Amino acid sequence: MELFYTKADIAFRDEVRAFLDTHLPQELSDTFFNFKRHSWEQMIRWHKILANKGWVAAHWPVEHGGTGWTPMQQYIFDSEAMMAGAPRLRPFGLKMIGPVLMRFGTDAQKERFLPRILSAEDYWCQGFSEPGAGSDLASLKTRAVRDGDDYIVNGQKTWTTTAQHANWMFTLVRTDPQAEKPQAGISMLLIDLSSPGVTVRPIRTIDGDHHVNEVFLEDVRVPTNLLVGEENRGWTCAKFLLGNERVSIANVGQSKAEMSLLKRLARDRKIDGVALIDDPVFGAKLADLEADFLAQEVTNLRMLAGIKPGGEVGPLSSLLKLRGSEIQQRIQELAMEAAGADAAPWRADRAAGGGNGDDYGIHGWLTSRAFTIFGGSSEVMKNIVAKQTLGL
Amino acid sequence: MDFAPNSEQQMIADSFAKVFAAAGEPRSVWEELGELELLRLTWPEDLGGFGAGCSDLVAVLSEAGASGAPEPLIGAAALPGLALTRAGAAAPTVPDGEICLALADTNLHLADGRLTGSVNVVPGADVADTLLLCLPDDRLVALPVDAKGLSLEVYELLDGRGAADLHFQQVELSQGSVGGPTPGLHAWLCDAAAMAFAADALGAICAIRDMTQEYLKTRKQFGKTLCSFQALQHAMVDIYHDTEHFLSLVHLAAKTCDSDDVAMRMRAVSSVKRYLGGRMRDCIASAIQLHGGIGVTEEYPLGALAKRVIVADLLNGSSASHGARLARLIAEETRAELNITGQEKDVA
Amino acid sequence: MELFYTKADIAFRDEVRAFLDTHLPQELSDTFFNFKRHSWEQMIRWHKILANKGWVAAHWPVEHGGTGWTPMQQYIFDSEAMMAGAPRLRPFGLKMIGPVLMRFGTDAQKERFLPRILSAEDYWCQGFSEPGAGSDLASLKTRAVRDGDDYIVNGQKTWTTTAQHANWMFTLVRTDPQAEKPQAGISMLLIDLSSPGVTVRPIRTIDGDHHVNEVFLEDVRVPTNLLVGEENRGWTCAKFLLGNERVSIANVGQSKAEMSLLKRLARDRKIDGVALIDDPVFGAKLADLEADFLAQEVTNLRMLAGIKPGGEVGPLSSLLKLRGSEIQQRIQELAMEAAGADAAPWRADRAAGGGNGDDYGIHGWLTSRAFTIFGGSSEVMKNIVAKQTLGL
Amino acid sequence: MDFAPNSEQQMIADSFAKVFAAAGEPRSVWEELGELELLRLTWPEDLGGFGAGCSDLVAVLSEAGASGAPEPLIGAAALPGLALTRAGAAAPTVPDGEICLALADTNLHLADGRLTGSVNVVPGADVADTLLLCLPDDRLVALPVDAKGLSLEVYELLDGRGAADLHFQQVELSQGSVGGPTPGLHAWLCDAAAMAFAADALGAICAIRDMTQEYLKTRKQFGKTLCSFQALQHAMVDIYHDTEHFLSLVHLAAKTCDSDDVAMRMRAVSSVKRYLGGRMRDCIASAIQLHGGIGVTEEYPLGALAKRVIVADLLNGSSASHGARLARLIAEETRAELNITGQEKDVA
């Protein structure tokens, strides 16, 4: 995409590359290029290196400790870092609750939480989904009842990604069960996970990993100053946040890096003495994936051009998320095909960050099933585009 | 023609189902099946078997696939039996104890009566006392797993079934351990193995289908059961159709394995493998998608069944290699037609 | 599929082949193998040859002049005839109104019409769809009002295939506009197209051909003895008929013959000196189509095994129609790809039965678009399967 | 970055739209465009042109595609202009009158100063007085269509635009008719031609998209407008997304044709062609399907626009050949990366 770079963009890219060359620890990039996954600790290490440089919050405005980069610069940084094998920064603080606080939070909330996101003192998770409220988020049942200066919260959250590492959770709760529309009685609360009454229980997924959790809330006391925005108006914050989440899931930079891993896999894998990347049938599949990725990359740039820093993402987030999640699934599917029968053995150590090129694809195939479900299923995304963008 | 099992096949399948359902009580499933002599279905009669063919296996293996049973029914019961039956007098003598079939490819070399190299991902080798090795030259070899120079790397497959990589270092073959050649045996066993795993996957995918249909009828979102959403209905219809077509192909493949029509067998088996690596993979992905979050949890039984389908896809030749084989068969057949009819048309 | 043939089936197949060898005119098979289309006259010629042999109504019972063949024999005959390059018999008399009359018609109707279908003295067309009633057939508006021993019919039918050749049309009309359900007030009438007030107007389709027509009905008098079944109960006849139509559209025998044409095309077409059939990427597409066709062929046999001669087709018709129409579209699409840039010139003589291997595919691609629309669109078929077969 | 035309590009596109809209009044569209000097956009300035590049063409050609105008804008205006501009001083002298570009391939042979063979399916050759022939050795040749030994077989393409097959029998090339070589010209023109037809198809597919969206909002079945059916909504969303991505690729291809990055140009153009033969073909099929019966009638404008997309798919290299080219580029790029980083990983 360098074709679209201005001179300033190229200078910026060179600056990013120079930084990555000197500051990205070899062990971190080795993990990526050896088809393993970055551990929690590796991600935090990289987060702190970037925080130190002032580059950890690429899309936050400068006044809050962000970079103030243009969308193009954000994309350049993201794709360069991913291509260099850096860990992906988790989005929950940086891309989700951070921007929500900047937009809807009180000054006290901003002062208290934003710096701790940058420093990685706090790590956030998202308490939205419930067992009966997945795609239909607005039907959530977790109740918060006012009691003096506290809310008392009871309920159960699920699909709570990396809650096992988090100390804070931003949550949607029902504060007015009598509201006319289900969305109208919902509020957003910030919950300290060390509060009495909070229990986190792991959910294992079909890839054998521990990404997600159930979070049980039993008479959890939450001070009212941890309400974000107005009471019963949490849906507004949630919609703003989900738009950002969807762009985050689309993850063009990461797809670009994974495309390059897939190509290496195909280059190094021999079938009857011929490199898989030279096999015409595999090549045709790779070509179609490349065309789709290229289209997504350019479309992403078109879209980014319309976003102001800290602003809303708008209807395009659905488009990006839909195709982006499909592309990630297809990358993994081709990687699985590349491994052939060697993908069939189950490698338990993959869950602990192990693994190799053989199980990379099948593990990713299983993991990526969730990409078209979480953060708005593809079906719900299409409903939204049909209604909001196409007016059907 | 409707491929429903006949009464005898149904009876045997029911026996399996009963054992699977009562798993571990009082004996292990494997012991129980052995006790009932259900593990010797395909074995030659002179070794205490019933000489069942591939078509007889479909219902039984589908039952295993649907139940998710991890026992090595294919590698350590059905396939060695088929191999010994087909080889007949040319088979080597096999001792008592667990026997597993291993299909050698070009990674294993025989020189001066010694084997060197490896055979990878052999399902059922984890329980075997004896390996029944089929060499590319169509001879069977019976080898104790503790033979000098032979080592096994045992592991679980994605779906929890056991397997091993076999490593040979100058493993000596004694006189009696090598059988005579049975023309076409190796290729036939490769196809039969693919067919057997496909029959197992058929059971798994049908169970997934039923589970998904049921889920759509009960799960509510947006105040309505999921099955009232047209897009989900249509996705479910696609799963239904694709699995019906897969069922047809699996039965066809079994029937062709029991026949002498080699070209038709290759065509049918490769079609089955092509379905596994294409439409069936899409079906399980769609079934997971229709479930939403619950579909990706390890606790819910869908995932384990889905992995069983993926194992059938990955083993016994890739979808790509079977696509190439099918294309070659089509090209040969179309050229042969030219020779018969002499009707070459000028197209360009 | 000979694997499934009994000895009797093989003997039957040999009899069919011997007959085709001696009685199928060379000019007719040449038309097919030269990638041209059979003309109306060629079809009628072949119809009469078969009628003469007593083989024209393969699935009619013997008492009505049919063959009394088993479903397997019907399939053998159909696929052998198609593979030999015979014209496809049009279904409107033989597969559609014929069986309806046998099931629902009066003795007088059977005596009058069935022999004339066999002899090709009558040729029928179907007056079901209307401009406002396509997939939603039950909303049709054509009115029939009783006047003594006649109905007076007013309205407009559309998509009336081969009406330009027909002398009779079976029609759905509204006889009770007050009926509670729209289906309940519909009747089936047989209309002589030479009646005053009937106007047939051609509709050209995107393939440049004249397959379908509009039929205008203005004060057309139809004697009440041409009502089929009971008044206001025409929907029952229509459902029975549509099931047969769908099996007819699935057309496994024809697909088999077209698969073989496609393979010949790929065998004889060279790209940079290599036969297209040996190209790995084209080969992979052909392999997938072959697998789909094989699955359809066996599924069709499974299904046929359950049908009694003259009986209802049941829910399986939707399944066969859905995949069958897709397979036909994909055969044509690959034939179009095989021709490459040579498919781009428009050959007007294709509409008159001309054409060659170059335009065969693109013409078929355009024609076959209708296969997933007519006789129940794929979307409507899926609705039906979801509701009736899967109980969703 | 959002690829909206700049004000000048918009102005020119609007001029075209105006002429198309007033078709035939008072002059023919072709005459009118000539009159307004809109046919010389890409021509060198010394030949009365404006030296516009490929990116400048996208809006104009999309306008033509959307309008369904049959005039040979690409073959007899845009492409000869691009060829002459790029060749510069190396171009042969061209006479007044209509000129059409023809890209020769291996079916045309040059020996002893004479051309023998053929160039098939040349769009715009039906109106040409002069052929501007680009030889595979990157030289341009200007030939009058009535040259001795040259014959044209003129016909319409699927979409009603004109084209011809050119047959050469010992056609003598006079001194002044042959230009000098411009390295890379032939390959560049092939890609530019593919890009130009894709830009035209982009207009057609966007018109189809709008038409389909409108139809869904107005047509009723089962007592509801079609757009209330979820399955149809989702199909329309897929069309919307695919065409948005296609738009991105067409603009990328145009931009790369204006750049010196040959690898990126080939990647972008082959991606566009891959979309035309894949997702775009599926989109037009889906748009027809969403219309139902009306979509397959010749009277309704959708069919003609759909054929315009198919023509862009069929000409200038098949989807298969562009897939193979893209795969080769990927393989080369991935190997080159190996040489730079030396990071070969052992995967097997």
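All chains are identified by letter, namely A, B, C and D, in their written order; residue positions are counted from 1 within each chain.
Criterion: a contact is a pair of C-beta atoms (placed from the backbone, for glycine too) under 8 Å apart; a residue touches a chain by one contact, two chains touch by 3 or more.
Just so you know, these numbers come straight off a predicted model, no measurement behind them.
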Between B-C and C-D, the pair with more C-beta contacts: B-C
By Cα centroid distance, the chain farthest from chain D is B
At what distance in angstrom does the C-alpha mean of chain D lie from that of chain A? 40
Sites on chain A at which at least two other chains make contact: 279-281, 284, 342, 379, 382
Listed in rising order, chain D residues that touch 2 or more other chains are 229-231, 233-234, 320, 323-324
Sites on chain C touched by chain D in the complex: 129, 132, 134-136, 139, 158-159, 203-206, 208, 271, 279, 281-282, 329, 333, 336-337, 340-346, 362, 365-366, 369-370, 372-374, 377-379, 382
In the complex, chain D residues that touch chain C: 120-121, 155-158, 160, 163, 220-223, 229, 231-232, 277, 281, 285, 288-289, 292-293, 295-299, 303, 306-307, 310-311, 314-315, 318-321, 323-324
Listed in rising order, chain D residues that touch chain A in their complex are 1-3, 213, 216-217, 227-228, 230, 233-234, 236-238, 240-241, 244-246, 248-249, 251-252, 255-256, 259, 261, 264, 267-268, 270-272, 274-275, 278, 320, 322-324, 326-328, 330-331, 333-335, 337-338, 343-348
Please give the residue numbers of chain A that touch chain C in the complex, ascending. 279-281, 284
Give the list of chain A residues in touch with chain D in this complex. 3-4, 33-35, 72, 260, 263-270, 275, 277-278, 280, 283-284, 286-288, 290-292, 294-296, 298-299, 301-302, 304-306, 319, 322-323, 342, 356-358, 379, 382-383, 385-386, 389-392
